[in-house]
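Every chain is named by a letter (A, B, C and D) in the order it is written, and numbering of its residues begins at 1.
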Amino acid sequence: MKDVHALPPRHGQLDLREVGLTEVRKPISVQRPDRVVTLSASFSVAVDLPPDRKGSDLSRNAEVLAEVVDETAQRPVASLESACARIARELLARHGYATESVVTASADYFRQRGAPGARSALEDYRLYAEARATRRPDGEVSVRRSIGGEAIGMTACPCAMENIREELVRQHPELGTPALAELPLPTHNQRTRTRLTLEISEEEEVEADALLDTVEAAQSSPTYAILKRGDEARVVLEAHRHPKFVEDVLRDLLASLPRRFPTLSDAVGVLARTVSEESIHKYNVVAEHRTTLGELRARAPA
Amino acid sequence: MKDVHALPPRHGQLDLREVGLTEVRKPISVQRPDRVVTLSASFSVAVDLPPDRKGSDLSRNAEVLAEVVDETAQRPVASLESACARIARELLARHGYATESVVTASADYFRQRGAPGARSALEDYRLYAEARATRRPDGEVSVRRSIGGEAIGMTACPCAMENIREELVRQHPELGTPALAELPLPTHNQRTRTRLTLEISEEEEVEADALLDTVEAAQSSPTYAILKRGDEARVVLEAHRHPKFVEDVLRDLLASLPRRFPTLSDAVGVLARTVSEESIHKYNVVAEHRTTLGELRARAPA
Amino acid sequence: MKDVHALPPRHGQLDLREVGLTEVRKPISVQRPDRVVTLSASFSVAVDLPPDRKGSDLSRNAEVLAEVVDETAQRPVASLESACARIARELLARHGYATESVVTASADYFRQRGAPGARSALEDYRLYAEARATRRPDGEVSVRRSIGGEAIGMTACPCAMENIREELVRQHPELGTPALAELPLPTHNQRTRTRLTLEISEEEEVEADALLDTVEAAQSSPTYAILKRGDEARVVLEAHRHPKFVEDVLRDLLASLPRRFPTLSDAVGVLARTVSEESIHKYNVVAEHRTTLGELRARAPA
Amino acid sequence: MKDVHALPPRHGQLDLREVGLTEVRKPISVQRPDRVVTLSASFSVAVDLPPDRKGSDLSRNAEVLAEVVDETAQRPVASLESACARIARELLARHGYATESVVTASADYFRQRGAPGARSALEDYRLYAEARATRRPDGEVSVRRSIGGEAIGMTACPCAMENIREELVRQHPELGTPALAELPLPTHNQRTRTRLTLEISEEEEVEADALLDTVEAAQSSPTYAILKRGDEARVVLEAHRHPKFVEDVLRDLLASLPRRFPTLSDAVGVLARTVSEESIHKYNVVAEHRTTLGELRARAPA
């Protein structure tokens, strides 16, 4: 049959940066230290296209996905990002005309958690992975990967709490300032989603659970599926004892990275973003930063 | 040209309840007491289909929408639900084979609001409308309409606040129970979306603003785009002085309807739903009820 | 600690139809004939609330979900709808004040498929399940369940094809009508999503794969992840040889049910909906019908 | 009241790239050549934060939005991107500690269109705008803006059509190759969304309608709300006479820019992306490219 894709383009002899498939849903089985988990993932797979080819052989992308991903049902892969890297390399092997491939994946991920002393349950998180393979002029292929994790937690506003403290001191002179200066007081608190992404080399490894632990420690409090009355009171008080702006969440998260990931190289890229679904507004509040582990180490207190 | 739609179906000579268009986006201009507003709406328009016709003449649906909606740019319509009713009647006029038509619409809607004493801004709400026209055997057409409004507000949990009160009484015996029994104390609070829908006859009218005022009064507090420090403290304290479960929001909302809508008939259908985007959980909490204005009046305290 | 939920409501002593949790994401392991699959599901769980209680004990809902769902990792459940039924029964056992519980679940689901003669891959579908438990005055609990499956496929429009045939006959008199009357000719075709839901008793079983096979057979053609050039041509021709309106898809689907599900009772409820993401319009076209298996059997040709 | 935001951060003395509000919904009135249109827009507004401040004064962002956007109801703005630029400048004026501000907006947009010779109706598009203001060390502020437009259209696959031609030649030897080589033949066609974004200086202007016309001309065919039988056949044939891969759409779009926007400078950034919602697959196919108008001019045929 006629290979229409291999024809020259009719006009506009331009190279294109990315041609591929998006929103390909696939189950992928990943080996965890203690068990195999099956993630319901959404993939994008693309390669660049030289100026002299009309189209990209897209059925190869679907074939590579099927070979690498569908077969994890038999042989689980080590991680979402290692699956992406394998796909990215294979894409360059099969699209001989391409010099770069990009693969992204995202999936729900579950962990057994509970409030201190309380009953645990599976809590939901979100994982993100990316791999970008580049073919150098000498034919060598190198791959950069990234792994991201998002956790939902809770933030309590430090500003409203202090202003309410002043207000209550004024309204209740009988209580006395020392007493009121001690108490956790009302403030607006809300659901907050924080995502941390680390851009690593093909030799470096980041454990998804370590990423998510890091994120959860930066918010005013993690949140939980099962909270009996006493647990609920303790979680709410804990959050009110650690009131945080989105800016605080982001800085505490970034500041913790040198200690949390001591073996990663300075070149590791860091992208952090936290979104607070404000209880007192109809819109969200967001903070975002991009840096490297090296920069964070340079600023870390000795 | 051949009218394929008018042919008999090949097999399965069944009537079908609804055949139509969905997700048709259109701007619609609505006359408000003091101004004309243009809503960016999404419409669905459908009619039933008798067993002897292969297909419905769907281009007529698009024509009716264009005639009724596009032309509001010149002549604004009285309300979203009256536009739906006009479309529903016109659909039956043009689909001679149909006996029922259903039209739904939803749109963002904005109102100028501000916290008491604070600066105001446009706040966003959501409007919903539906019209259902029925052709009786004698050819007469009757229409039932519904109008819904959704507002985002804030709820503060009454349970966590009482349990935290007990906890703080235990931790701070020096403060004394009377003092602590007075104070608004921390609790989890969060963004809450509440929708109220009233099913009315073609003769009855409900003002969208009245619907949204009713919803906003039922939550722990409305929320606002602009809150300077003092305003923020007052809104948060207000919410903590009216802590509410989703159940409280829904009952307070339902209980207020006889007073808020005294001229509507007992037959008016009522659907209310509130969704709390819990700050201490990753999931939402929801309460929903369906009743009539007559039932609510029968239960209202004299 | 104080049980605030058990207090009487402050005003509005109304019962509420549904109070519960929504958008609870959980992995659930389901035993298939040949393997265990883990679905990433989203659950809603709710019960009614009597007029004399302020709030529903919602942490019990989260506990029941954790007990029934989280533990399928060890002991896979027979189906999504049987998990829902088990949860619905357990909710009534733990909410002694409730008389009705409703549980819904939805999840991506994957099946190994391929075009005839072509390479296969995992294709994605969507499953839906619901269980509704009712406590009768004598304390007995009965459960109604529903199971739904959605498949994405392709429809080709029969009307445009016939009108294009007339047009080409006019433009190409040299070809002759007999020849052109034979040929599959261009028409608009598009992605179509069709969902079939069966409402069954607690004793009846419907296999999810049977549901999805039924849906896929009703569209102009199923669609596939991997199509090499020859496969693609065959799938497209197949769809053009079975051009269908959404009305045809729905009627063919409904007409096939008596044959596909011979052992289910007449009381089984049937809800079918097909949405065509029209290639020639920016909006979607939809057809929907609700009936019973008994009604469909009464209309089936002998 | 205490200004908690102005305090130094507790730890992590890092600057942050972006702190602000997202998903702020606002109606904005824009002056078109012949009329005023009101768009229902979603805004993000953010500034950077120096290392010595705990938090950003976010209520100022909401105030600036209210002043610039809410007041367009009285004085319509020239364009969505000029509103963004005005907001970006005002943010730097009010956040004295910030050196960069970013404002984005997106909105549905409607245009009166119809198939050639057919009845017209309002068709929906999507507009995107961004402004990025930078304060230089000397205090001068410069602004870069971008404007994007997305149109839904139709693509017909050139590959499947040629392979089906070969197949039909084999199946119908009586028709003869010359005849079949002439005919538009079946292929898969589908809804395709294409977005073009131009990054311009504060002095340059791009008309949104020119952007959308450019996008619509690049697909196999635009699509329309109202198509009677004859119109539908003509639109489908038109698309089959211009079969295009996503790669063709993107290259034809890019190749047309030098001619379409002759007065814009070489430095103008160009981002183009097209997504085809494949009728024969459950996933989408995508092509994306980033370049400058200068590069495109250098490659254009003389």
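Descriptive notes on the structure:
In this text, a residue touches a chain if its C-beta (ideal position, glycine included) is under 8 Å from a C-beta of that chain, and two chains touch if they have at least 3 such contacts.
Source: prediction; values computed, not measured.
Contact tally for C-D versus B-D: the pair with more C-beta pairs in contact is C-D. Comparing each option in A-C, A-D or A-B with B-C by residue number, the pair that reproduces over half of the contacts is A-D.
If each chain is reduced to the centroid of its CA atoms, subunit B and subunit D end up 31 Å from each other. Distance from the subunit A centre to the subunit D centre is 26 Å, each centre being the mean of its Cα atoms. Subunit C and subunit D have Cα centroids lying 35 Å from one another. The set of subunit A residues that touch two or more partner chains comprises 1, 24-25, 62, 124, 159, 163, 166, 225, 227, 229-230, 232-233, 281-283. Only residues 1, 3, 24-27, 37-40, 59, 62-63, 65-66, 69-70, 107-108, 110, 112, 119, 121-122, 124, 225-230, 232-233 of subunit D touch subunit B when the two sit together in their complex. By the touch criterion given at the top, residues 1-2, 4-5, 9-14, 16-25, 44, 46, 49, 54-56, 58, 62, 158-159, 162-163, 166, 245-248, 250-252, 254-255, 275, 281-291, 296, 299, 301 of subunit C touch subunit B in their complex. Subunit D meets subunit C in the complex at residues 123-124, 152, 154, 156, 159-160, 163-164, 166-168, 172, 174-175, 179, 182-191, 221, 223-225, 227, 229-230, 232-237, 239-240, 277-283.
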